[in-house]
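This report concerns only the one structure given below.
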Amino acid sequence: MRSTIPLVLTFLVGIFMVGEYFIPHWRYHQWTAVLLEWGLILAAAAFLLGLFNLVQVNLPKVMNKEEDWGYKLVMLVSLVGTLVVGFMGNTDRLSDGQAYKWLFDFVFVPLNATMFALLAFYIASAAFRAFRARNLEATVLLVAAIIVMIARVPMGEDLPLIGEKLPQFMNWIMDVPNIAARRAIFIGAALGAVATGLRVILGIERSHLGAD
Amino acid sequence: MKQLLSWMALLALLVALPASAATVTVEVPPDNDGLNLNVVWDEATDPLGWAVLRADGASGEDWTVLKMLPGNARKLSDKVTTNVWEHPPQDTYRYQVVAMRSLVLVDEMEEADRTAAVLAAGTASAIATGSPSAAWIRTGIGAKQYGPLVMLLIILAVGVMMWKFANDVRAGKPVFIRRIPGIDAIEEGIGRATEMGQPILYVPGIDELQDIQTIASMLILGQVAEKVAEYQADIIVSCCIPMVREVADEVVKAGFYQAGFPDAYNPRNTRFISSEQFAFCAGTNGIIYREKPATNIYLGRFFAESLILAETGFVNKSIQIAGTAEATQLPFFIAACDYTLIGEELFAVGAYMSRDPRLVSSLKASDWVKLFVVISLLLGTVLTTLGFPIVNNLFAISGG
Amino acid sequence: MSGIELVGAWVSIFLTVCVLSFLYDDNPVYKLAEHVFLGVSIGYGVIEIYFGVFKPNLLDKLMNDELGMLQRSLSIVPLILIIMLFSKVVPKYSWLARIPIAFIVAAYAGVKLTGELNANLMTQVAQSIPNLAEVWEKHGFWDWSADGAGVFSSLFLVLGLAACLLHFYFSAPQNKAMQQISRFGVLTLMLSFGASFGYTVMGRISLAIGRAQEMLGLDRSAEQVAQIHPRTASLICILLVVGYLVAWRRKQGDDYTPGN
Amino acid sequence: MKLDTLIKFQNMDRRWIFLGMGIAILLPLLFPITLSFNIDERVQSLYDSVEEVPAGSTVFISADFDPASRPELEPFFRANLHHLLRKDVKFVAATLWPSSPPLVMPIFEEITAEYGKEYGKDWCFLGFKDGKELAIKAIGENIPETFPTDIKGNKIADLAVARSFKQAKDFAMIINVSAGFPGTREYVLQIQGQYDLKIASATTAVSGPDYIPFYKAGQLTGLSAGMPGSAQYEQLVFPDGPREGERLMATQAVNVLNVGHLFIIVLILLGNIAFFVTRRVEEAAP
């Protein structure tokens, strides 16, 4: 029973949702919409489970003063602090003068943006290391990257001889080979989605339903 | 301000030209859900604006103003109800269209006063009646765009082929699957980590469990965990989505169980880091730097964090294997990782590693659809060039 | 600008410098920023999901007397699913969690199946079938003025796409002809990846520029700059962090193993 | 000796590269340079499609970006609001990114106040909705049900600007400022085809190439990618330069990009030269 119920449910819900596309009738959509909303709510609830897990893993570390326990404490305190000011702020939490808004503007935003900005540095080192003309494939990769990089800056247009044609050629690469490759990946992903979707719905794929 | 507007409205009333009544027809869109009616009308000259009015029921006189439209509009696609629970659609609706002679600011009026105000400031058309009609199946035949039908056939064909090929395998017919170097690298990486006495880091992307790539990644994780347990190594799973962590927990537990070492599994190593992309990235960087995994496996749907993770792993001298169908991130994985599985290869890993006949059969089934797509592309090009866009119609999908 | 915002602007610059110190190596300052970030981001996620989904779509519906009986009782179903999901915490009943997981995966798999097929397969294929006669008339073989549009490009697109697709054909051994096709597919892929990499460099540098603009006070009005002194703040923070890192390295002495 | 240096250069500590990149960004910011640039066809098409929206009609803005992508997308977002409000177009906004509301709400308030627009009547912000693709599907299907209230807790039926819109297709157009997932791709996948929507997208440089197929296929009416896209859009909206006391952030930054780019290009070229020289010598050696 433990494995039968989820499998039967998977089959019924899956088939029902596939029908969403093929059956336009409003009486049908009335119910698919309800199911989708339940999905939304469930996804949200899982978040609380994650929160529970996090505390479960980190609190003992702090209690037993394991390695880096001070940092874990900082994390838990920031977490609780954010929750407290967030719930206290309620619907006004994002108005000026709210502690929650302050945390967002001056802690969350710079941290998030700076983590992202590290990429400017990493992309330089990755390009330096990886873009060597070792074989034909690597050379194509390298040449395409350089052409696009030069063409994307205004200076590229000022180059003698090729400058004029460079942006057009870049657009060609982006519009023709790039689109061919991307469409192939899109189509491949769609095929993967169909096969995997059917495997899930037909109960062949059960990895997400655990052991026994 | 408000006073100024009403003065302007009065002024408009004085200078506006008299507009004639329009002829209105109500159409039911093809393959419709039964909640939409297209109101179409005809008029040679543009008035100042249009107001579309509707009364519910065959003889209802309770007119409401649906929408004010600019003078060049000739069509309104009306959704007759938004709350089917409390107001299910009626059998019949009556419409009239008012050519506005002057400006009426209906937004500022009470609901009840609007109809009268609109009718007073314009010329109303004759009343047109329409009945919504709901289709039970979407085929696209009406619009001669057979996409939905072909989609249904593809889904059914894949299902039937999966069943047939799985039977073939069970009957002892071998299925060939081409070797993919990235997958061998996963096994080598596990061996290397065991030799070095360091853990393996597995990142199943940062998307929800429901994403097809995440599901594929979970299946692979099961295989990886089994190998890890056999080698008696450690595996850390770093998750961005709580639901994914729960499933990963189950999957890894099952993998250790399958390998015969159920007690070796440490649930503390399957971690929820943060659902925020870059916080997750910072936390996973921390794991790479501080717990020094020998092998990093990134399989699933990744976004901008891909390069940060892969570069940090490079500095840590880990063997790195990545795989994603997210086209934007593939260049970075290719630049920074030792092996990269591109697009569909990700979906093949599970079948390849598992050797489960049912999974292998689904790979073969998609290959047949792929062949169908390639042939359609080539044949379609020839036929379209010759002036027969038959294949295009097979793949075309009209707006529903 | 209030005092608290002034403090905020300085905190923001300090945290920026802390994260940038990761470029040197993993270090206590970065660790501090990392853990603050983890805590705040998770808290933020919980709050927004509570107010954005949980409350309006579940709690408010359960409490709303105006809703019909059927609709209200329907809201109890997700509540039951949630309780099942949470039973994961109690080992004895943890199998119950498979029901909501099965539900959500199945719902998504179903929607995704048709959604992906529709937009990623059908539409993409329909768009990839050119009318070569028409292209020839309009652009000829190769038209510079239209970024190289023409019969050559149209054919390249169709054949490149077909070759890429065939490169991913797993269930047959590759003979000589297939190897050549597959090679062409790989080269097309590499052309795309290289171009995509080059195209992205710009976006990534933009991000760093954004941070630099804040540290230099270039993103604020002159009036605010006069109050915050972002350049002074940046300088002080950099000196503080660098000074600390030097001291930290010294203390570690020979035990230090560089990450880079 | 010379060869050693070249080999060392190829495997140099990446922190030197970081330092070089840092200098390449800081210097041009401290000592600005100005260069002109061309307008991309996709950005022009985006501008034109907004220009075609008749005054008085309403558009739907999906502001799906976060602080991290702010430098690239905020300039577009601001210029776009100016463009819409200047033309007297109303808007209903929402977001699928949890970290977006505190970022975009002040911008909405600032720019609408400048044009004397009234909340609820000329514009409104429905706030954040989780669910990713599911939420997009829901926006296509039924907006009042998806967003029963706006960000301030007002019922949607009390908002004049929003109450007459039931589905995404009722809007004159959809403008998606998208930093990734969920965003433009999902809008196109989930609802564009089904409802035949007019969607324009402003996205990051990294997602740009991904969406070009959608633009080419007519699924997007316009596409602005990354900071250059934003800078070009700024130029179209403000052809006479920034208004007094303001800056065109993207236009300012796009010049710095040049130097950063150049740095990486030179680095790659030097790396390859070193690679070839050492390889040739190594091959020649017995």
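The letters A, B, C and D name the chains in turn, as written, and every chain counts its residues from 1.
The rule we apply is simple: contacts are C-beta pairs under 8 Å (C-beta built on N, C-alpha and C of every residue); 3 or more make two chains touch, one makes a residue touch a chain.
All values derive from a computational prediction rather than experimental measurement.
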item	value
Pair with more cross-chain C-beta pairs in contact, given B-D and B-C	B-C
Chain whose Cα centroid lies at the greatest distance from that of chain D	B
Approximate Å spacing (C-alpha centroids) for the pair chain B, chain D	21
Computed distance of Cα centres, chain C from chain B, in Å	16
Inter-chain centre distance, chain A versus chain B - centres from mean C-alpha coordinates, in Å	14
In chain B, residues with contacts to at least two other chains	85, 151, 154-155, 208-210, 212, 215, 243, 246-247, 275-276, 278-279, 282, 290, 304, 315, 327-328, 330-332, 334-335, 342-344, 363, 370, 373, 397, 400
Contacts with 2+ other chains: residues of chain A	18, 21-22, 29, 36-37, 39-40, 43-44, 46-51, 54, 68, 91, 104-105, 108-113, 115-123, 125, 127, 129, 131, 141-142, 145-146, 149, 152, 174-175, 178-179, 181-189, 191, 193-194, 196-198, 200, 208-210
For chain C, residues that touch 2 or more chains besides their own	19, 22-23, 31, 33-34, 37-38, 41-42, 44-45, 49, 52-53, 88, 101, 104-105, 107-109, 111-118, 120-121, 123-125, 128, 158, 161, 165, 168, 189, 192-197, 199-202, 204-205, 207-210, 260
Chain B residues touching chain D - in the complex, by the definition given at the top	66-67, 70, 72, 77, 79, 82-83, 107-108, 207-208, 276-278, 301, 303-304, 315, 327-328, 397-400
Of all residues in chain D, those that touch chain A in their complex	14, 17-18, 20-22, 25, 35-38, 66-71, 99, 101-103, 105, 130-131, 134-135, 137-138, 141-142, 145, 151-153, 209-210, 212-213, 216, 228, 257-258, 260-265, 267-269, 271-272, 275-276
Chain B to chain A touching residues, read off their complex	31-35, 84-85, 89, 134-138, 148, 151-152, 154-155, 158-159, 162, 208-210, 212-213, 215-216, 218-219, 221-222, 241-243, 245-247, 250-251, 253-254, 257-258, 268, 271-272, 275-276, 278-279, 281-282, 290, 304, 307-308, 310-311, 314, 325, 327, 330-332, 334-336, 342-344, 346-347, 358-359, 362-363, 365-366, 369-370, 373, 400
Complex contacts: residues of chain C adjacent to chain A	2, 4-5, 7-9, 11-13, 15-16, 19-20, 22-23, 31-47, 49-54, 57-58, 74, 77-78, 81-82, 85-86, 88-89, 95, 98-118, 120-121, 124-125, 128, 144, 147-149, 153, 156-158, 160-161, 164-165, 167-168, 185-202, 204-205, 207-211, 214
For the chain A and chain D complex, residues of the former touching the latter	29, 33, 36-37, 39-40, 43-44, 91, 94, 101, 104-105, 108-110, 112-113, 115-117, 120-121, 123-125, 127-129, 131-133, 142, 145-146, 149-150, 152-155, 157, 167, 174-175, 178-179, 182-183, 186
